[in-house]
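Order as written gives the chain letters A, B and C; numbering starts at 1 within each chain.
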Amino acid sequence: MSNVTDATTGAGEPMPGDNGTRTAKTENGPVMAADGRPLKQTLRRTLRREKMRALLLIAPLLIFVVVTFIVPILSMLFRSVENDIVQNTMPETVQALRAWDEQGTEPPGDEVFVPLYFDLFKASEAKEHTKLGSRLNYEQPGLSSMFRGTGRDLDDMGEEFQDVFEEIDPAFETAAFWHELLSGAGGEALLKERRDLYEALTGEEMRGDVGFTPSTEMAEMLPWTTKAYTDFAIWTAIEEEDVVAEEEPWEAVYAALGQDLRSPDTVAAIEAYSGPWSTTLKAAAENRDQLPQDSFREMFVASDKDWGSLEAWRTISLYSPPVTAGYFLNSVDLTKTVDGIAARPETQQIYLTLFQRTLIMSLIITGSCILLGYPVAWLLANLPLRTANVLMILVLLPFWTSLLVRTSAWKVLLQQQGIINEILVWLGFVDDANRLILMNNATGTVIAMTHILLPFMILPLYSVMKTVPPSYLRAAKSLGATNWTAFWRVYFPQSVPGIGAGSILVFILSIGYYITPEIVGGTSGVFISNRIAYHISSSLNWGLAAALGSILLIVVLALYWCYDRIVGIDNVKLGG
Amino acid sequence: MSNLTVDIPRPPLNGFTLPLMAVFAGCFGFVVGNVFAQPLIGFLIGAVVGAGVALLAHNLPRSRRNVRLGLIAIFGLIGLILVGPGAMVAGLLIGAVLSWAAYWLDSGAYRSRVPIYYTAGQTLWHNSFLFICGLVFFFLIAPLLPVMWLSFNAQNFFTFTPEMLNFQAEGYSLKHYRDFLGTEEWMVPLKNSLIIAPFATFISVSLGTLAAIGLSQSHVPGRQAIMAILISPMIVPLIISATGMFFFYAPLGNWLEATLGLNRSFVGYLKVILAHAALGVPFVIITVTATLVGFDKSLTRASANMGADPVTTFFRVQMPLILPGVISGGLFAFITSFDEVVVVLFVGSAQQQTLPWQMFTGLREQISPTILAAATILVTVSICLLTTVELLRRRSERLRGLSPG
Amino acid sequence: MKLTTTLLTSTALTVAAGVAAHAQEMANDMTFVSWGGAYQASQQNAYAEPYKEMHPEVSVVWDESSNEAVAKLRAMNEAGNITWDLVDVVAADAMRLCDEGLAMEIDHDEVLADAPDGTEASDDFGDLIVSDCFIPQIVYSTTFGYRTDMVPEGVEAPNDICDVWDTETYPGKRSLEKRPINNMEWALLCDGVAKDEVYDVLATDDGQQRALDKLGEIKDDVIWWSAGADTPQLLADGEVFMGSTYNGRLFSAIVEQDQPIAMMWDAQVFDLDGWIVPAGLPEDRLARVMDFLHFATDTQRLADQAAYISYGPARASSAPMVGKHAELGIDMAPHMPTDPNNAKNTFLYNYEFWADYRDDIDAKFQAWLAQ
């Protein structure tokens, strides 16, 4: 509470003749205020002081809301465009994919599949590849199991190389061979680059001594092998906290050597090489025809045939940039294709319908709340206080019953075997076979939501009507106005702020509700929020949920702005 | 008004009470007749009965109570004989309504609340208006009645069993109340809710009222933007707020526990309280600013003129005038917290399980009228609380010698 | 009872001996996440209470958040604040959590106890280990219940899944879950697709449309439910003639609540529920959870749970040990979805398929619902 004192006293110096000076403003010459300073200056100072005082009053709440609400929500909504998971999980594949023509008719070849293998191997060690699969599965079904299944086969693919190498020379089995062969000087830049890629992949810090520095010479001669071994070294040293020089490398390192040996340049370079372990290397190069000859693409397709499908690659390519409009397009029933933006198939269009329905039904609910709430608020405001207070208890009572209970109560009342139908059947107004369908459709939602939100309309209306002096109405009537004219021309305009405040409360609340529509709305009475909740809590498609939420937010703000333009927010004093 | 009683003339029987009562009772007759598939005959019988009641009321104005009791009993009896216990209740109700209406019309009480100069049309409108308001109140309260009734169900479903409808004892039981009052499962959440909601309300009301006053000053830079920010917790779909806030409060909680060494359960409560306070802010802002529109600024100037410092002015002049707005805003904030289930599911942990949370899982996993018992108890307690407050208010009014307002 | 106690103590001794070396490093507070209601109570009675008796220093808090577990675990993981120790989820969610890296991969043979006859855990659970992160606990099924008093006179009670579509013979509404899973399979089965081809057909656009068209035949007669407690309530109200739900819910309505409802086991869809351990637990908490898991998923404990709820234990070795209902004293075996009489025609939920197609088919399903 100390803020009250600070804020008000801080700005609360006496304001001698504040009003007087203001009215004394004339058009000629500098007018002096009572204290002898130019009036303009005094006025500006007073204005500044007033502004300061207002801001001081607002500041504590504003800071509280911005820090604890706005910032977290904005970062949540940012997920609607965020898409760096593809780039982070398979950085080199994404780079290689840029050269691929997504409009073409052929899926990419080994120039993409080779980096894909090493990216995925690394990702599967860090258990990140299935996340990417789930992400891409939102865009095309089947990708999730493609990534999960192939993730299990990656080791086997490498082992095929490993077995051959180890047969050629048992030295390939030793940890020392790899460490000594690839260690050297000048590879700090490469080490740092690989480390950064890991940090992007796992989102964690990868600091600490690796116990291995790649040699530049090897990085030129055996580029894939050096990269793969560096990746292995970083992971082993930092995540698994083992000594790199003592560990046998990943299967991927053997595959990388196999891939290097497929290049004639590398073979030539090995022949010319005379450093440590040159005999072992040369033996491998000579016997390279014993190595698996399948291309990486063939190995991937053997693991899951979808890797060879054009569709899968188009999806990967379309969603490879770190920022995407895909979620927003999805939330307005559009989709990204290689030929640009297209409408979703009709069988999958749902969100526009839901947005429209949410808005229309919220308007209906708001309307019925005004209709039911206005007379009651008027009655409460005009009755003697003691009667009004007793009646007020009736308005407040539903509030004390949980929303869930009230919704369940409506279920008991509205369903086909429910109380209302039973009574109507008993009274003979409704045929037993044709009971009214009052819930599991839009009617149910409107009735239950109107009931739940009605107090939110009555209370603001009441507190505004309370400030309208009843003498105005009497004066109007005594001046000859009819009841209607007196009400419409005198009373109603003064109650508009209450309608405004109540409507905004009810409308916005109804847009965001999802529990009640879920329970009584059936299929035709559910709102967009129900889908948002589904995507947050069941499908985990938070990007789409955030996009839907952002659109909803924008729509509400736009409506608010229109309201301001048409009705005039001055009538509500929410911000004009 | 009460001192100035004007003698209201009794309306004529033949030209007013009798035909009106005949039509009124005829409508009831129509409905009752419909049960037996004879609405028209029902209407006619009803009309005759209504006329009879009107005659009775007109001729026996003094023994109002006896006549009414007699009529109620007769109607109840007819219902019991014709159909059964259910119809007896309906009969009693119809008897009460008809006899009341007859005396109300006949004694001229229907005009007692309107100025003497009102025309017949105006009186009719006034009374229909009251009737409409009555219907709205009924709409507000009606869903609570089955809730209370079903809370005594002997079964674990939200279904009226035949035993319940025939008012047989074996259809009723207090077991759901025992479940509610006797188990930790419900008492702990109740306690948590009663801790969290008042604190959250206090924070949002105190900060919100200040900010609303600030916003209502004439020169606030960027008022639109500030306003949009302050009411945003209401606009953002709850489920998004819930996940968003989780990302703020989880690290904050870690930090408070690890760095400041605060107690874990205290931090847990604090997180939920702050989250709920943010959700309650827009309600306070909207209702208080709406009230401030009508606030006469010259009052604060007058108070300052008379030597009051700003704090005194605020508490003695401004606050009492905007109090209705502050109270309704606070009430909304309280209910927001007390009835909130989505955010607490994310931000809270099991130790901070609140009543709505418990109800939510109860409804989803295993429908049990225990939540109805909980609701009934809450409603009863709140009726008692509100009544006590009202009685206290009247008492202090009397003590201060004010006439009843 | 005596047998249980002896078993308890003997298990306690072996477990205590096995973990004595690590005992100091174990945290004493555990937070379990489950579904609430009778199911959670059965876990409390069968697992948590006996464990607490053996380890009086341990305290357990239950969080009824399994329904939101996937979303909440993801949020916890991103915020780096895992407050849960053990989470009960359905198998499909376990797979999703495993894919997202939110659940820990488990070496089943190392962590879990062998069967009494020495069979390794992974063999004892068999195919039910559908994900590396998942420790199966119970087998439940989604099946239909119907009002016995609403079966028209002279008509045989429904005993075929396609009776759901037969609104001529069996008038009245149906309640189905508001999601494609299970409904699409049933629709295809009744549209003449052979059981082993259902998922192949469902993987195609035409097949999905075919299933939706079949569901469309009864769309106007369906009330869609989203909470497991809905169908029993709708049946109790007589609002629907038949509806799908979990078999344990129907058991409770029929046996414990004495409602005029009966089960229709035809084409029941088996599903699994079990534990996952959240990824990234600190060592002391992990040690305690592993110790608990070893105890709580052994053969006897899984069989014990069946005394409180009619779900089948996930271990093959537990099945013969299923006894009587803890309060009503009736034999539980005939109420198990795995009982041979009930399991004449069953359908196995295909996890891989739904992991892939869930989002896509759900979008179509919801759009179809909204039409």
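Note that contacts are C-beta pairs under 8 Å (C-beta built on N, C-alpha and C of every residue); 3 or more make two chains touch, one makes a residue touch a chain.
What you see is a predicted model; the values in this text were computed from it and never measured.
Q: In terms of CA centres, which chain lies closest to the overall middle?
A: Per-chain C-alpha centroids compared to the overall one single out A.
Q: Would you mind checking which chain's C-alpha centre is most distant from the centre of chain C?
A: The most distant chain relative to chain C turns out to be B.
Q: Can you give the whole-Å distance between the Cα centres of chain B and chain C?
A: 41
Q: Between chain A and chain B, tell me the centre distance in angstrom, where each centre is the average of that chain's C-alpha atoms.
A: Roughly 37 Å, centre to centre.
Q: Using mean CA coordinates as chain centres, what's the gap between chain A and chain C in Å?
A: About 30 Å, centre to centre.
Q: On chain B, where are the residues touching two or more other chains?
A: In chain B, 158, 243, 247, 363 touch at least two other chains.
Q: Going by the touch rule set out above, which residues of chain A reach two or more other chains?
A: Residues 536-537, 542 of chain A each touch two or more of the other chains.
Q: Can you tell me which residues of chain C touch two or more of the remaining chains?
A: Residues 67-68, 71, 237.
Q: For chain B, which residues count as touching chain A in their complex?
A: By the definition above, chain B touches chain A via 31, 34-37, 122, 125, 129-130, 132-133, 136-137, 139-144, 146-147, 150, 158, 160, 206-208, 210-211, 213-221, 223-224, 226-245, 247-249, 274-275, 277-278, 281, 283, 286-287, 289-295, 301, 304, 309-311, 314, 324-325, 328, 331-332, 335, 339, 341-342, 355-356, 359-360, 363, 371-372, 374-375, 378-379, 381-383, 386-387, 390, 393-394, 404-405.
Q: Mind pulling up the chain B residues that touch chain C in the complex?
A: Answer in residue numbers: 155-159, 243, 246-247, 250-251, 253-254, 345-346, 349-351, 353, 357, 361-367.
Q: List the residues on chain A that touch chain C in their complex, please.
A: That would be residues 127-128, 130-131, 133-134, 137-138, 140-145, 148, 347-350, 353-354, 415-418, 440, 518, 522-524, 526, 531, 536-542 of chain A.
Q: Which residues of chain A touch chain B in the complex?
A: Against chain B, the touching part of chain A is residues 1, 3-5, 7-9, 11-12, 14-15, 19, 47, 50-51, 53-58, 60-62, 64-73, 75-77, 372-373, 375-376, 379, 384-386, 389-406, 408-413, 419, 426-429, 451, 454-456, 459-460, 462-464, 466-468, 483, 494, 497-498, 500-501, 504-505, 508-509, 511-512, 514-515, 529, 532-533, 536-537, 542, 545-546, 549, 552-553, 556-557, 560, 572-576.
Q: Can you check the complex and tell me which residues of chain C touch chain A?
A: Answer in residue numbers: 67-68, 70-71, 74, 96, 98-101, 105, 173, 178, 209, 212, 223-224, 226, 237-239, 352, 355-364, 366-370.
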